[in-house]
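Look for subunit A in each of the two complexes below; its partner is subunit B in the first and subunit C in the second.
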Partner chain A sequence: MLRGAFKELVRYPSALAGLVVIIFLVAVSIYTVITIPYEEAIRLWRGGEEIWGDVPKLAAPAWFNNFTAKKRPLTIKMTSDDEAGVERKQAQVSDALWTDDVVYSFDYPYDDFPQEIAVTLLAQVREKAPYVSLIWVKPDGTEVRLADMAVEGGKRVYRVSQDEKLGRKLKLPENVNPVVGLFAEDPTAAEPVPMKGTYQVRLEGTLFEPEDTLQSKLVVYGTVYGWAGTDHLRRDLGIALLWGTPVALSFGLLAAMGTTVLTMLIAAIGVWYGGWVDALIQRITEVNLVLPVLPILIMIGVFYTRSLWAMLGVIILLSIFGAGIKTNRAIFLQVKAQPYIEAAKAYGASDWRIIFFYMVPRIIPTIIPSLVTLIPSFVFLEASLAVLGLGDPVLPTWGKVIDDARANGALYQGLYYWVLEPSFLLMITGIGFAMLGFSLDRVFNPRLREL
Partner chain B sequence: MAEQVGGPAPQGEQRGTGARGAPSTWKRLLRYTLTRLVALFITVVIGVYLTILIANMGGYVDEIRRSQIREQIAVKFQNDPAFRALPPEERQKRIDAEVAVEEKRLGLDKPFLVRSFNYLKHALTLDLGRSENMTSDSGSRQVRLIILERLPATLVLFGTSQIVLFAIALYIALYLSRHYGSWLDRFFVALSPLSSAPGWFYGIFLILIFAAWLKWLPFGGMVSVPPPESPVRYALDVAYHMILPIMALTLSSIFISVYGWRTFFLIFSSEDYVEMARAKGVHPRAIERRYILRPTLPTIITSFALGVIGVWMGAPIFETIFNWPGLGRVLFHAVQLFDTPVIVGSNVIFAYLLALTVFLLDIIYAIVDPRVTVGGGRQS
Partner chain C sequence: MTTMTQTAPQAAPASERPVLLSVRHLKVWYELRKWGFGLAGYVKAVDDVSFDLHEGEAIAIVGESGCGKSSLMKAILGLVPPHDGQILYQGQDIFAGGRAGLRWYRSQVGYVQQDPFGALPPFMSVRRILEEPLILVGVKDRDERLARIRAVMEEVKLSPPEDFLNKFPHMLSGGQQQRVVIARAMIRNPKLMVADEPVSMLDASVRVEILKLLRQIQEEHNLAVIYITHDLSTVRYFSERIFVMYAGKVIEKASTDELLWHPQHPYTLALLNAISDPDAANARKLREVPPGEPPSLVTPPPGCRFHPRCKYAIEGECDVNVPPEFPTRPQHLTACWLYDERYAQQRQALEADLGDLA
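Moving on, here comes the complex of A and B:
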């Protein structure tokens, strides 16, 4: 019978479209779980400065550049150990003086300014901290002395945007990022444009012991990153979007399955035993109808736990006595009156045997469509909880990305990608399952078929 | 929910009820109303009791009561000049002693089962205690005031949007059942999966398009700052702020409602008695009103009621997205401030509101469906 149903199903274009979407989502989930294992995803999402440090903040997806005339910069990252674009000269000047000069050269073909320039200096010394001068060389040969400093304590990070002295030296107006001054053709213009060409950063290091070493890293933070962009904590949104897929699918599927199957069993038990069991089930259903589900979930999230799987359990508990009991009950009442049940009773089949093997199978075709249509509503429920700030504390999910975006004013600041990416995924999940579910409904409920 | 009897009743019976006159209808309605009221009150009691059980598994309700008592007694001591003269340690000792007496008087030392019924009484009479951090707009810290002062905003928004939705969806569904198979019909059927997303989700898109991008409508809120002086301007301003939320709620439920109802109308318009009326030459509009709409209305109201309840449940998040100063946002704020009394109080109010919604819809149901009798039609 199921094979026939499948043949019937593929005749509906919307069912096919829904299936394609679902297969795509399942494929993404499998790919994600295999390539980024759970621990790795948690590390990448909840790590810290050492993982996200070299990634720009609030950067749009890199493919934006394919659609705009104005090319936005990618991030440029170089270290003193690199081969390409880095020239390093180490020499001894006297008995107590060594030099370590590094020249970083990079091409800058973009039409917009970078967010930030940062130079990280790492020194391993015995006694006296090494001394470093930073010099910025524009493509036209102009030199700007950025800073002179001692690398105290082994580590020093120099950030151009925080250097107010530099802004004054470049004669920039107030509130203009010094980065603009370093890249602009004419920094005082109303709308400055970056100069294209090869820039250089020259590092002149002075060391005082033969064993002392100096490592450095240059990062020019762009304004686009990866295929999904980044958030306010410099995290790659791609991780959350990818990992959100298996989480959403498993949450929706488990909740829908749990709810539908338990509802059906309860309805079957009520109908079969009748009497006070049935009456009790009916009354519980009526009470359940006036229980405020979302506020109760909020209460549980605040007082006890925010774990996604605990929430799942509570959601199932709160929804098993839902409106589905009434519809299932009506069908079971008809099934119970049929002669084959009478026959089963006559040859002495046990109550459970009759419920599980004679009644339940009859209702499965009608609950499959409602199960599929229920999945998106649970996926959206998870997102709703996340938007209320009650998302799972550990797992990255789509809803949590939307929540972060909303809380950080993404819509006000025009960071539309941040909201649209998770929303798009939620939307196609919802539509995909709904399209399949509606088509299944037509296949299994022939009364709807001609309409 | 009132139960419905399967299948349409023969038309003669429906006419008959009307002809027999009003008194019996009113009596029936009154009896039905009273029974439903009692049943729903029991339901609310159980719902609120469950809320208390959940909240008090971590001892949160006890905590609310204890801090309330302590605060009351501390205030009493502070206002009484006789106690003000006492040294601080002595005063503290007396406060502690009085708190212990008061806790004993209120039964806080009793076993949980006894206490829980005590709480139930307080919750049902809306004695919801005092908040920890939040204050009402008038500066009060009574949880009841904090919550109830936001109620009108919520009722205005959800009431208007549900009426708009019901009217539009019913009209379109009737139109489509008349023009079955037209491109508009196919359009609505094709778009029905869009209803799998909740209202807040469409809210984000609508804010993005109409507020952030086109800048035609406000991002959220209920009135402009500062609010207009004249009442007419004020009402218009609120209406202006309501456009986006209503659009979002409508978008999220209209397609599925129209699809479901139109299908239902189509099934009913192929009934024998409708064919018969057509053959008799009854005007198509009259057929629609008397032979299709009338018998389907109870079912349509049921499906609508479930929708209204669903929307109610989503209020906390919907109002947060639109920054609408209603009940839902109070709950959201309470969650952020971890204000336990307000959270528990909101749950109680929501249980009441849901029961009230169900009750209202039951009454409407009883009015439109003459077959509803108390206890009758159950085992058909």
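Moving on, here comes the complex of A and C:
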């Protein structure tokens, strides 16, 4: 019977499309859970500078470059231990003086300026801090002395955009990022253009003890990153979008299953036992139907907990006695009057056996389509809660990405990807389940086909 | 009547066999509620009905719709608790033994319903349908269940059983469906079968076969049968006695031939007159039917419940006192005041009409 239903289902193109979307989402979920385990995802998503320090802020997805003539820069990251593009010369000058020179060379073929240039210096010294000079070499050979500094405390980060002296040295107008000055062909032009070619950063280090070491790292932050871009905390949105999929699916499925199954059972019990049991269920339903779900959820989120699974429990509890009780009851009342129920009673089937084996199977064909169409509405509810600031504090979800985007004015800043990516996923989830659900409805309730 | 000439099975006289089921002053009253609570009265669907059913005996309960025959049947099946009175099965009140007692009693009773399609759960296969009653009496072994199912299917002529075991009710014809219903009723080897209009929803062509099958099963298993119908023309197939019900009361009890050939009660007379036989003469004959409608069961008329529609009614008697059962002929009890010694004169009009029928 089920196989027949499936065969009939795949005759509907919309059902096939819906199935494809759902299978895609499920595949993404499985892939995500396997490749980024839960703890790892949480660690990454809650991580700060130590994890995301080398990633540009608010970067658009890298594939944007495929659709624009103006290529935006990717991030260039090099360390003093790398082979390619790095030349390192270490030498002893005297008994108490060693040099450690590193030359970083990189190609810059992009049409836009990078976000930032940072050089991180790590020193392991016994006494006297090493001394470092940084020299910037443009493709045309002009040199700019960036900074001279002692690596005090073992670590020092030099950021070009925070170096006001450099701006003055380059004779840049006010409010122009020194990074532009380092890359532009003509920094004073109204719309400066970056010079293409091979740039060099020369790092001249001076050490004072034979055991002292100096490590360095150069990061030229681009303005595009990964397949999903990054947010204001430099986090890769890909993690949230990937992990949002299993969270959304399991939340939607659990909530839809929980409410549908429990509603059906409660309606069946009410109809079967009748009398005060039925009356009580009906009154509870009528009261519950006028309770505002969202404000209750907001109150719970504000005063008690924002855990996704606690919210799930509350949503199921509040939706059990929903309108479904009334529609299920109408069907069960018809089923209860069927002669085969009387026959079952006459041959001694118990109340529970009649409810589960004789009444429930009759309603399952009508329940399956509504269950499927109900799933996205709970996914949306979760996203709405997140946008209202009631998202789970730990889990990365689509709703929380939208909430972050809203809180950081993504749309005002033109960071459309930040809002559109999670919205697109929410949308295809909704459409996928809706298309499958409507087709299921036609398969299981053939009378609808004429409409 | 001419088309139905078979006579009821006549083994040992029914009255000599032990009593299987005894109905004593049974009242099935349904409560009427006002505003959802507060008793507003009763629907007196069955009001003071008594009879004995012997082992292997087939009785028919006849009456028009709404006369209480279905309520009587439901009480006998233990589906509706009686308001008053008792139903004794082998001397035991079926409701006295609690849940377990009722469960055991139900395993002794088979139930054949009117609408075969509605009587079978549409989502269960024939095999599952027939398995359910066996599971409920604790037959744990699958093979044992299957063997029993096969045996019963052969018996109701659903053979070979393999062709039907995995079918769903909607794949079967009406006659086959009713055979599955009969098989389900017989699967636990009951001693009593309650058949509620088992052929009224079947095609005329299948009716006779199903009736013959029921009769064959009844004879082979020495089954007591309560056959409920509104159709007197099917009664002769296998009932030994007929009870005629009107407005919650049994008004006439007699052996089948006795009742069909010598009806005594004015209502029975009207019922027999209403049987339509395929006879061209009937088209030109205007049938005489009693005026009016069956009475309300909430406030039934005092005295004899048929008196408002009875043209022989005796004022001051029929509309005041409930008639007792008069032994009007051998094996024939009639609840009608006309058979009281005092009203021999008034009876003559009825007897004249009865003569016409014969």
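Heads up, the rule we're going with is that the second predicted complex is superposed on the first by the 451 of 451 C-alpha atoms of A that agree within 3 Å, B and C clash if a C-alpha of one lies under 4 Å from a C-alpha of the other, contacts with A are read in each partner's own complex, and residues count from 1 in each chain.
In the analysis below, a contact is a pair of C-beta atoms (placed from the backbone, for glycine too) under 8 Å apart; a residue touches a chain by one contact, two chains touch by 3 or more.
These numbers were taken from a predicted model, which means no experiment stands behind them.
Steric overlap between subunit B and subunit C is absent once the structures are superposed on subunit A; the two fit side by side. Residue contacts after overlaying the shared chain place A:Arg11 against neither subunit B nor subunit C. In the superposition on chain A, A:Lys128 makes contact with neither subunit B nor subunit C. Between subunit B and subunit C, more residues of subunit A are touched by B. Look at A:Glu342: by the touch rule set out above, it reaches subunit C but stays clear of subunit B. Legend: residue contacts after superposition of the two complexes on their common chain; A:Arg362 is shown touching subunit C, with no touch to subunit B. Judged by the touch definition given at the top, the superposed model places A:Met435 against subunit B, while subunit C stays out of reach. Here subunit B and subunit C sit at a least CA-CA distance of 8 Å once the structures share a frame through chain A. Comparing which residues of subunit A touch subunit B with which touch subunit C, the overlap is empty. Every residue of subunit C that touches subunit A in the complex is listed here, in rising order: 36, 77-79, 102-103, 106-107, 109, 111, 113-115, 118-123, 132-133, 136-137, 181, 184, 188. Interface residues of subunit B, counted against subunit A in their complex, comprise 1, 6, 39-40, 43-44, 46-47, 50-51, 54-55, 57-58, 60, 180, 190, 192-198, 200-201, 204-205, 207-208, 211-212, 219, 263, 266-267, 306, 309, 312-317, 320-321, 331-332, 335-336, 338, 340, 343-344, 346-347, 350-351, 354-355, 358.
On subunit A, the positions that touch subunit C within their shared complex are 279, 338-340, 342-349, 353, 357-358, 361-362. In the complex of the two chains, the subunit A residues touching subunit B come out as 14, 18, 286-287, 289-296, 298-304, 323, 326, 330, 373, 376-377, 380, 383-384, 387-390, 402, 406, 411-412, 414, 416, 419-420, 423, 426-427, 430-431, 433-435, 438, 447-448, 451.
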